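Each of the two complexes below includes subunit A, the first together with subunit B, the second together with subunit C.
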Partner chain A sequence: MALPELKKTATEARLNAMELPEGGCLVDARRAALSRVQTMGLPNRRDEYWKYTRPDTLTQDTAPTAAVFKHDEAPIFGEFDCLKIVFVDGVYDAEASDDFELEGVQISRLSEIDAKDIHWTKDLYGVLEARGQDPVQRPLAALNTAFANDGVAIWVTGKPSKPINLVYNHNSDSSDAMLHHVIRVDAGAEATVLENGPAAARFNKCIEVDIADGGALHMVCAQGRDHERRAATHMFARLRKESVFKSFTLTVNGVLTRNETVVELLGDDAVVHVAGACVGDGDFHHDDTVFITHEGENCESRQVFKKVLRNGATGVFQGKILVKDTAQKTDGYQISQALMLDDDSQFLAKPELEIYADDVACSHGSTSGAIDEEALFYLQSRGVPLNEATDLLTLAFLAEAVDEIGDQDVAETIVSRLENWLIRRH
Partner chain B sequence: MLNIKNLHVQLEDEDKQILKGVDLTVEAGKVHAIMGPNGSGKSTLSYVLSGKGGYEVTDGSATLDGESLLELEAEERAAAGLFLAFQYPVEIPGVGNMTFLRTAVNAQRKARGEDEMSAAEFLKEVRATAKSLKIDADMLKRPVNVGFSGGEKKRNEILQMAMLSPKMCILDETDSGLDVDAMKLVAEGVNALRDENRGFLVITHYQRLLDHIKPDVVHIMANGRIIKSGGPELALEVENNGYADILAEVE
Partner chain C sequence: MAALDQTQVKEGIDQETVDTVREVGGAYKYGWETEIEMEYAPKGLSPDIVRLISEKNEEPEWMTEWRLQAYERWLTKEEPNWAMVDYPEIDFQDQYYYARPKSMEVKPKSLDEVDPKLLETYKKLGIPLKEQMILAGVEGAEDAPAEGRKVAVDAVFDSVSVGTTFQAELKAAGVIFCSISEAIREHPELVKKYLGTVVPVSDNFYATLNSAVFSDGSFVYVPPGVRCPMELSTYFRINAENTGQFERTLIIADKGSYVSYLEGCTAPARDIAQLHAAVVEIIVEEDAEVKYSTVQNWYPGDENGKGGIYNFVTKRADCRGDRSKIMWTQVETGSAVTWKYPSCILRGNESQGEFYSIAIANNYQQADTGTKMVHLGKNTKSRIVSKGISAGHAQNTYRGLVSMHPKAKNARNYTQCDSLLIGNKCGAHTVPYIEVKNNSARVEHEATTSKVDDEQLFYCRSRGMDEEEAVALVVNGFCKDVLQALPMEFAMEAQQLVAISLEGSVG
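The block that comes next holds the complex of A and B.
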């Protein structure tokens, strides 16, 4: 079907302003992705999937400027022993990064994969993204596959002794960054990837994750504290038999964030947990969009999303569990909740279940509400001041999402950042 | 210690007078009991004293050791030494009982300009107190009151009371929902805290609790006022004859 004229014009305008990276073994994948973008067109506000989030500023050809936010908090995962890979405004920073030497994992920059002849990358780059375009289109991810000029390929072959930390620094008010990472986890291998930082004024990130039988990947991402930055991120994951994928995202501030997670549970007995906690006030729009497809038998999926909103902030959740007729014994769980700290904020939720197997347990819930006045009074009557009592109850509300993080130290760090955010608003 | 004079209270949202001139003085070291029919304003009195929202004081005063309570926030009243044991203790999912207790103890200490209690010191004290109330370690770790039985919730109130060591304790129908053994346990916990510097106001429907927590003075409350005060024998009279005689006598 031909694109509506308006969408076609807007898409062409954006594409004309960009240049497809030349040559290399990914060139076919990039061309195919470009053609997907041309066919689908970039999203606009009339698209059903973008009903609650306006994509205009994410698709327009020049990124709206975003001031770099200076603060005195140390980098969130700085205290952990990690293999650190740093990008500044979407460009790899060799000086700030560690050597890519770590037992149990092979890491290369996308730009090096030709020289190093890393063929597996070709089997993954743009592949899961392309699969993830059906049944719902995700043109911004295809745009990323076509034009991302940096990123890393991470091949986990064993159990590396420390996490890989991808750091996204934001240095220029007008930066428009695209990063694309591919992560392959071999059978029985296991790794942790920590990501942090606002990345750029406008950030388009795409990660493709392929986990073989019995492999495991843990990802924790903190999207920085910049108030004006915009981000559209996609995570595509494919899980084989008995594999495990756990992802948690912390979002503090940011004028616009859309985090999409697309997971295919292909093998039997696989487990995926996708969780997120966000806190925002004022000009803050945060959208979690999740699509989980159960194909293998006896798989478990959990979606846990908690949003704390105040002073006119908007939270969006679109979460879907699709259980195919082959996916008997599926155990699916989905919860999205918003805590409104005042009367000015809004939460828009669209939980969906689509089930074709008959022996399935799927539950979903979505709520929005204020702080429990009874609990607040109970705490105050014990001497806890109003501000502190509110913080305690807010952190308690967020706890179910934070509890999805397996590593206790990482979880505590996340909680302390959330707490700091609340204290700054006293 | 606690001085209530001519206290008039109405609901904030509707024009309904609940307390119509309560006069009551509780001296340090004494246990006062308030009995009265349903709807007489007993629980409202406890809420108004502890600073719950939704009520409007239209007249009168309430002071604790000379300090006026009614202008203070709930947390300031707690720091001033007032404690309310709730009729229905609130469940707080996600907040550990121990964290809750420690936050409360230290918030009060901070408000009074005292040093915070160290983790070790706190742990030692809370374990000893919990043991005397037959509260096991598991109950301390669980979220506040979540999944607690009626008896456990009330024992948890007494644990908080013991840890916070208030000057003035108000117990709002602490016996409701308790079996005989649980009531004895709770009463023992309260009795252990009785001393010459601490006052108690025990709100109850039944004489039974007063067999275990022996009051010095018993007040009968009806229609928003204290209509009669006397010794422990007044509670027995109510138990035997109900409120009808007393109400008729006053009218």
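The block that comes next holds the complex of A and C.
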């Protein structure tokens, strides 16, 4: 079907302003992705999948400027022993990064893949993204596959002793960054990948994850605190038999964030947990969009998203569980909740189920409302001041999402960041 | 059916009607055709056809203009494709938009003058068009107060209303209950004031089409403070081939009034799909209450998905006044394709909307149905209970919107939608939209999907039930929440329908 004129013009304008990286072994994948973008067109506000989030500033050809936010907080995962890989405004920073030496994992930069022809990446780069374009189109991810200027390929072959920490620093008011990572987890292997930082004025990130039988990957991301930054991220994961994938994202601030997670449970007995906690104050728009496809039997999927909103902040959740007719004994769970601390905020949700197998249990819940007056009164009657009582109840509300983080230390770090956010607002 | 045989039939209830109800079982019972001489408008859609329909209904000029404007709008609109239903392209020029029995050319002055063939048709459907106690074998009916046992019926046959019962008695109470074409002629001031104010002419593709070509339907006006002395009902029958039915219903419950309205529908079994695009508008003023119940039993197509009715319906209630209340209850078992979202605009403060639905899809049926609750007023409340059952190769989708506007302080919504799958060739889907724009509003949404519980089945079978009966019982339990909300007149029918539609799908 031909694209509507408006969409076509906008897409062409954006593509004309960009240059496709030439050469290297990924060039075919990049060209194919470019043609996907041309066919689909970049999203606009009339698209159903963008009903609640306006994509204009994510698709326009230049990134709106975003002031670099100065604060005195230490880097979030700074105190952990991890292998650090640093990007500044989407460009790899060799000096700030550790050597890529870690037992049980092989790491290469995208630019090296291009030159060195690292074969396995070709089977992954742009492949899961392309699969993830059906039944819902995700043109910003295809745009990323075509034009990403940097990123890493992580091949987990064993059980590395420490997490890999991807740090995204933001240094320029007008940076427009695109990173693309691919992660392969071998059978029985297990790793943790941490991510943090605002990355750029505008950030387009795409991660493709392929987990073999019995493999496990844990991801925890803290999207940076810069007020004016914008981000569109995509995570595509493919899970084989008995594999485990757990992902948690913390979002504080940011004028616009759209996080899409697309998971395919192909093997039997696989487990996926996708969770997110977001706290927004003022001019803040946060969108979690999740699409989980069950194909294997007896798989488990959990989606847990909690949003605390105030001063006109907007929280969006679009979640879907698709259970194919082969996916008997599926256990699907989805919860999205918003706590609205004042009257100006809004919560927009579309928690969907699409089910073609009869022996399954799928449930989804979505609630929104103000803080529980009775609980607040109870705490106050026990001598807890109003501010603290509100914070306590807010943290309790977020706990179900934070609990999805397996690593206790990481979870505690996340909680302390949330506490700071609350205290700053007293 | 065992359950029915055990029902004690009380004395004084028409045996004939009891038998009719008893016959509701097995395959689609309403698939027969009435052989009657018909007159048609020429096939296709054009301004001339629109004028012709208007002329046939002896409408005033303003109505014709209204229709023609709708037609012009329709030409600019695109058929919606977002619903999870899949059907061959509809050729809107290959349809008859008006069909009426020749014998209706001269309007019968009373029910006695109506063509016996038509009376026979309704009798066969279990809706005798005479002023009688209509309840058949419904337990507890005998305890109901005398006036509560009467049901006034407006019978619509293809494009025309055949007759309306109890009109005189209703008139004495001040209630106007007639066909919409009669209302346009007799009560133009009311029609002008309200028509198209809830579902605007350009609301959506099918509503716009309906606005241009609607042929008949019912009109209800309940004056201030009046509690309608009996249930009102409309029975829609499609009989003619290649003919679309485009009914239009307008219900106005003025301040402090109450009315319960029932709607039923059937069609003959044919290989070629037929179109049905209705619009129902309800206005509920201050302190008024409307209960709208539907048992939708259009021909669903055969077991291979051939034929059936394409049912594209726009139903909306506008709770304009404070403390007004609307309750939609629907049992959806028929139609090849259902596209239907009875909605509530909760404009008045403290107004309430309720939606109870059971949608059953079997064989190759596709149902995309749900509701919209738009909360505008303070302290408004809504509740949605939706049960979807899919069997065979059917697809059943709940699609709904709960919207809390910034001014809807302390509004409440509770939504529960459950789906049941029987067999693994079918699908059950849930597409809720939740939009909350103030923090004093509380919204809760829950949904589950499961299969018929093996343990419950085993229990029933160990008590000597055959598998089919056992499944029906379990499903009935599952649907209890909704069935309880149906008026007594429908309770038995609804329970029966649950059993019918599931037949043959076990194993």
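Quick note on the criterion: the second predicted complex is superposed on the first by the 422 of 426 C-alpha atoms of A that agree within 3 Å, B and C clash if a C-alpha of one lies under 4 Å from a C-alpha of the other, contacts with A are read in each partner's own complex, and residues count from 1 in each chain.
Following the convention adopted for this analysis, a residue touches a chain if its C-beta (ideal position, glycine included) is under 8 Å from a C-beta of that chain, and two chains touch if they have at least 3 such contacts.
All of these numbers come straight from a predicted model, not from anything done at the bench.
Participant: What does the overlay on subunit A give for subunit B and subunit C, a clash or a fit?
Facilitator: Aligned on subunit A, subunit C fits beside subunit B.
Participant: On subunit A, which partner's contacts cover more residues, subunit B's or subunit C's?
Facilitator: Comparing subunit B with subunit C, the partner touching more subunit A residues is C.
Participant: Does the superposition put A:396 against subunit B (first), subunit C (second), both, or neither?
Facilitator: After superposition on chain A, A:396 lies in contact with subunit B alone.
Participant: By the touch definition at the top of the document, which applies to A:13: first (subunit B), second (subunit C), both, or neither?
Facilitator: After superposition on chain A, A:13 lies in contact with neither partner.
Participant: Could you say whether A:115 touches subunit B, subunit C, both of them, or neither, answering first, second, both or neither?
Facilitator: Neither partner.
Participant: A:349 contacts which: subunit B (first), subunit C (second), both, neither?
Facilitator: After superposing on A, A:349 lies in contact with subunit C but is clear of subunit B.
Participant: Give one of first, second, both or neither to describe whether A:383 is in contact with subunit B, with subunit C, with both, or with none.
Facilitator: first
Participant: Based on the superposed arrangement, let me know which partner A:423 touches: subunit B (first), subunit C (second), both, or neither?
Facilitator: In the superposed model, A:423 contacts neither subunit B nor subunit C.
Participant: Aligned on chain A, what is the least Cα gap between subunit B and subunit C? Give it in whole Å.
Facilitator: 14
Participant: Could you please specify the touching residues of subunit B with respect to subunit A in the complex?
Facilitator: 50-53, 73-75, 77-79, 83-84, 86, 89-95, 99-100, 103-105, 107-108, 111, 143, 160, 164
Participant: How about subunit A: which of its residues touch subunit B in the complex?
Facilitator: Per the touch definition, subunit A meets subunit B at residues 372-375, 377-386, 388-389, 392-393, 395-397, 399-400.
Participant: Mind listing the subunit C positions that touch subunit A in their complex?
Facilitator: 82, 84, 406, 419, 421-451
Participant: If we count contacts the way the header does, which residues on subunit A are in touch with subunit C in the complex?
Facilitator: Going through subunit A, the ones touching subunit C are 48, 325, 328, 338, 340-343, 345-370.
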